[in-house]
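Take this structure, written in structure tokens, and hold onto it; I'll ask about it next.
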Amino acid sequence: MKEQDFARISEHLNGVSRRDFMKFCTVMAVGMGLPLEVAPQIAAAVTAPQRPPVIWLSGSACTGCTESLLRPSHPSLEHLILDLISLDYNETLNTGAGHQAEAALQASIQKNAGKFILVVEGAIPMKDGGVYCMIGGKPFSETVRATAAKAAAVIAIGSCASWGGVAAAKPNPTGAVGAPEFLKGTTVVTIPGCPPNAYNFLSTVLHFLTFKKLPALDEKGRPKFAYGRLIHENCERRPHFDAGRFALQFGDEGHRKGYCLYKLGCKGPVTFANCPAILFNEIGPGAWPVGTGHPCFGCTEEGVGFHIPIHTQADLKYITPGAAYPHIVTERGEGPSVGAVALAAGVAGVALGAGVAVARNLGKSDEQGSSSEGE
Amino acid sequence: MQERQALGGKLLTVPFKVCAAIVLIGLFFIGKRFIFGIGSVSNMNDGYPWGIWIAYDVVVGTALACAGYSIALIVYVFNKGEYSPLVRPALMTSMFGYTLAGISVIFDIGRYWQAYNIFLPWLSNLHSVMFEVALCIGTYILVLWMEFGPVLLDKFKADQLKARLNRIIFVFIALGILLPTMHQSSLGTMMLMAGHKLSPLWWSGFLPLLFLITAVVIGYAAVIFESLVAAIAFKRPMEMHLLSKISALMPWLLGLYLVIRLEDVNLRGYLPLAFDGGLLGNLFLLENLLLLAALLILVYPANRQSPRLLFIASCAMLLGGSMYRFNTYIVGFDPGTGWQYFPSVPELFITFGIIAAEVMAYLWFVKTLPVLPRLKKA
Amino acid sequence: MKIRRRDFLKGVAASGLLLAAEQTPAQAKRARKDLPPNAVGILYDSTLCIGCRVCEHGCKEANNMPMEHTNPKERMWDDPQDLSAKTLNIVKRYGVAGKKDSVEGFAFIKRHCMHCIDPACVSACPVSALVKNPENGVVTYNKKACIGCRYCQVACPYNIPKFQWDSPFPEITKCQLCSHLLAKGGISACCAVCPTGASLFGPVEKLRLEAKRRLAMEPGVYYDFPVANIESTEVQKHRAGGYVKHVYGERELGGSQVLYLAGVPFANLGLPDLPEDSYVALADGIQYAIYKGMVYPLVVLGGLIYIIRNREEKKE
């Protein structure tokens, strides 16, 4: 990272210190499961003068995903990202509106064709030619298809954009689908969640900027560093699950002691996300649903969130007993101690010796002939 | 009627003192057992709830104490009065052996203060083999003390009491033959319940019969062994003519035992296990080889005249028979739950202490009570 | 005369021995025992168990049992490795490490007293400290009768009774099906708290039928499974697992009131392959044959008294 590049950035950001900036890059590296040595590369990518722009399209959305990006309590650093990734179009954050905004969108697409990142927020209604979401006079579906064709990478942020989310909940009257289903054939990174954790999105973007490629994705397009494990496998209340301590009702003794919420319907065992690890809003421990005492409802997971009722008991997707879980047979018991073996052997030796002595003695009397009777 | 006299002589000999030391160490650990619980002195565990206190002190110990039973069989049932000189010493060993086995049981059971529950009819479980064993052994200990009564009465010259006792003693003698037959075979029945937890080399429907035979065999072997050792230790002449005749019975008994034992294992299809080279297979072979060796020695009349060979054969029988019983209760027993067992040092000392106490009591009684036959100066 | 009597006595002795030996195992068995009229038990379905161990926790609470610490290095809340003086009910795992789902990966098994129909412990106990309730078949323990001989531990084919080795006033401990809760009209604590219905309480006859229903289910299809008590209406929807086609405990050693269903071979879960004839029946049978009514012993005693008396009289 060149000094003049950093100076330029720092100015934008009300004078963030170089140290704080490096700390931020380190945290981002760690959050992606990358080694610390990568942090300077991230810093260089973030401060490099050439950065691809981001075009942010919102469809059947509640705008919660945009909001979640604004929530982190280090506004200087998040401002940094929004500025640095050159957010060319975002309906919530645009200063302009109407024809002006649409013109800016088209201009950016033309200028940066093949180089910009398309972020899709919200589901894409398909029914009746997509009339249930019209923006700028056009169906949202058309806009997405046209824009995606020219994008370098497509990121679907939030559950709605990933698989339909609440918009697609039964009976799904608008025929809402997620971006991957809509853009079949294109690699779409999905960052599900309702809302998703802002850092999952930011890390993905930074990864792309730094290494010019997307992070490792699972079969649903989710970055593995964030969605590789079940919540059940990371949850701080897991020891309670493993020991059979459950809250049975909101406010009961178990609930107040922070016991596992499985019986209240926690979907942690079937939901992939890293909420318990990175939490939300940077306000300290416990800042996630289970931490506050409410069962997870599986917001990231298609078929779980907005599908299985909140208090319905979940199945377990995987069985992962703790390391100390008892096995069928455990080897135990005091085997032979040195002292005991020595003692037993000693006594046996003495007995054997005495026996041999007696036998020999008797052998001698054998030679002397048989003895008289004891009458 | 044999004339018997106390041996006399110094009581506090070196062997006596050594035994006393061992007894004291044992008493220390017994104290620990009663204050802190069985687990504080013993390695017994939930996988091996019975350790050497049961497997040796009771199961092997009572067999060693069957000297009285074996002699009573010959003298009273088969009417061989000439063996009478052997009766009193055998009776005394039996008395000590069984009493100490009873004391071992009190040390071993966890809730000893409720041991009298065995005698409460409303708690009695007539289905239980252990109930029968406990009652039998308890009664037999009383019978043995009653049978030994004449010896004590001789010492205190209480002739009238002795005459009265002698009038009813036949009941006790009869019981003294019935009761061991019952409980020695039941000691075998007890391990029937262990089922698949007992190695097929030892588990068998013939356990009761085999335990009874080994009890009788060990009883005779003990008579021979003790007679020879006492003769050497107290420098007395050996009763060879009696011992040779007793030992003539042994090949028959040993033969019967070996046939039943080996054919039973063979018919159930487990004989190959004996030869697999593992610990259990080797112990099985050793047990039976020891008894076979004794059989081969004693089958020749000339060998039965030799004190040395008699001694060796009796040792082989004692070891082989005891091994069979010990293996049935501990070594062949594996509940399969990952537990292992080997006695701890305190546990061993308690057992050795009990054996030492028996030796001390034998020495004391033999020197102060008319047990051994009076020697006629030639 | 002497010779004739001696031969006669020898014959008596020999035939006595032979009689005892003639009771071969097959003949000596006594008849099988029946299920008590209102027998209750537990149906444990390993395919439904998620290994949460709330049943262990519930059992400890209901029975006032202490926490157990078997690992000296890690300080854990309660980490029993097996049934013990402090643990009456335990869930153990069978696993092939590295595999994820419960068919190839992990399976759980809940172990506690099987409440056998022909309990070895009840037959073994000399002082009737362990008794089988004639109505509901629960095997309970009475510490006031117990002498601590531990024969029940040797006799139990499933190694269930445990002993308080570290107490100077030790007791035998084992699951008693929460008989203190049953007496108040409740059910066993382990079943009451189980979230998935893996541990199900109820009359044994109904549990056997339920087990048969499950064995006929199509794997992968959703069915309703009763939770806690088979006689309640609460159900959970689960996908039927692939069952091993056997209900463990239906016939083993005469049957038990605790039944098991599993998706992996029972031997892997620590439930050994056992014959239908119980060892108790064999041991009992031999005892009856020899001691029933004390007839043989009294006959032999009479014979002995006669012989010994005669010998003494002859001497005098």
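Which chain is which? They are A, B and C, in the order written, and residues in each are numbered from 1.
Note that a contact is a pair of C-beta atoms (placed from the backbone, for glycine too) under 8 Å apart; a residue touches a chain by one contact, two chains touch by 3 or more.
Quick caveat: nothing in here was measured; it's all calculated off a predicted structure.
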Chains most often in contact, by C-beta pairs: B-C
Most distant chain from chain C by Cα centroid: A
Chain ID, smallest distance between chain and overall C-alpha centroids: C
CA centroid of chain A to CA centroid of chain C, Å: 46
Whole-Å gap separating chain B and chain C, where each centre is the average of the chain's CA atoms: 33
Centroid distance [mean C-alpha coordinates] between chain B and chain A, Å: 71
Sequence positions of chain C contacting 2 or more other chains: 82
Shared-contact residues (touching 2 or more other chains) in chain A: 329-330, 332
Overlap residues in chain B, where contacts from two or more other chains coincide: 45, 47, 336-338
Residues on chain B engaged by chain A in the complex (per definition of touch): 43, 45, 47-48, 85, 228-229, 231-232, 236-241, 305-308, 310-312, 315, 336-345, 347-349, 352, 373, 375-376, 378
In the complex, chain C residues that touch chain A: 50-58, 71, 74, 76-82, 90-95, 100-102, 105-106, 108-109, 193, 195-196, 236, 238-239, 268-270
Chain C partner contacts - residues on chain A that touch it in the complex: 239, 241-246, 260, 262-263, 269, 313, 315-316, 318-321, 324-330, 332
Chain B residues within the chain C interface of the complex: 34-40, 42, 44-47, 49-50, 76-79, 81, 105, 108-112, 114-115, 117-118, 120, 123-125, 127-132, 134, 170-171, 173-175, 177-178, 181-182, 185-186, 189-197, 205-206, 208-209, 212, 260, 333, 335-338
Chain A - residues contacting chain B, complex: 329-337, 339-341, 343-344, 347, 355, 358-363, 365-366, 370-375
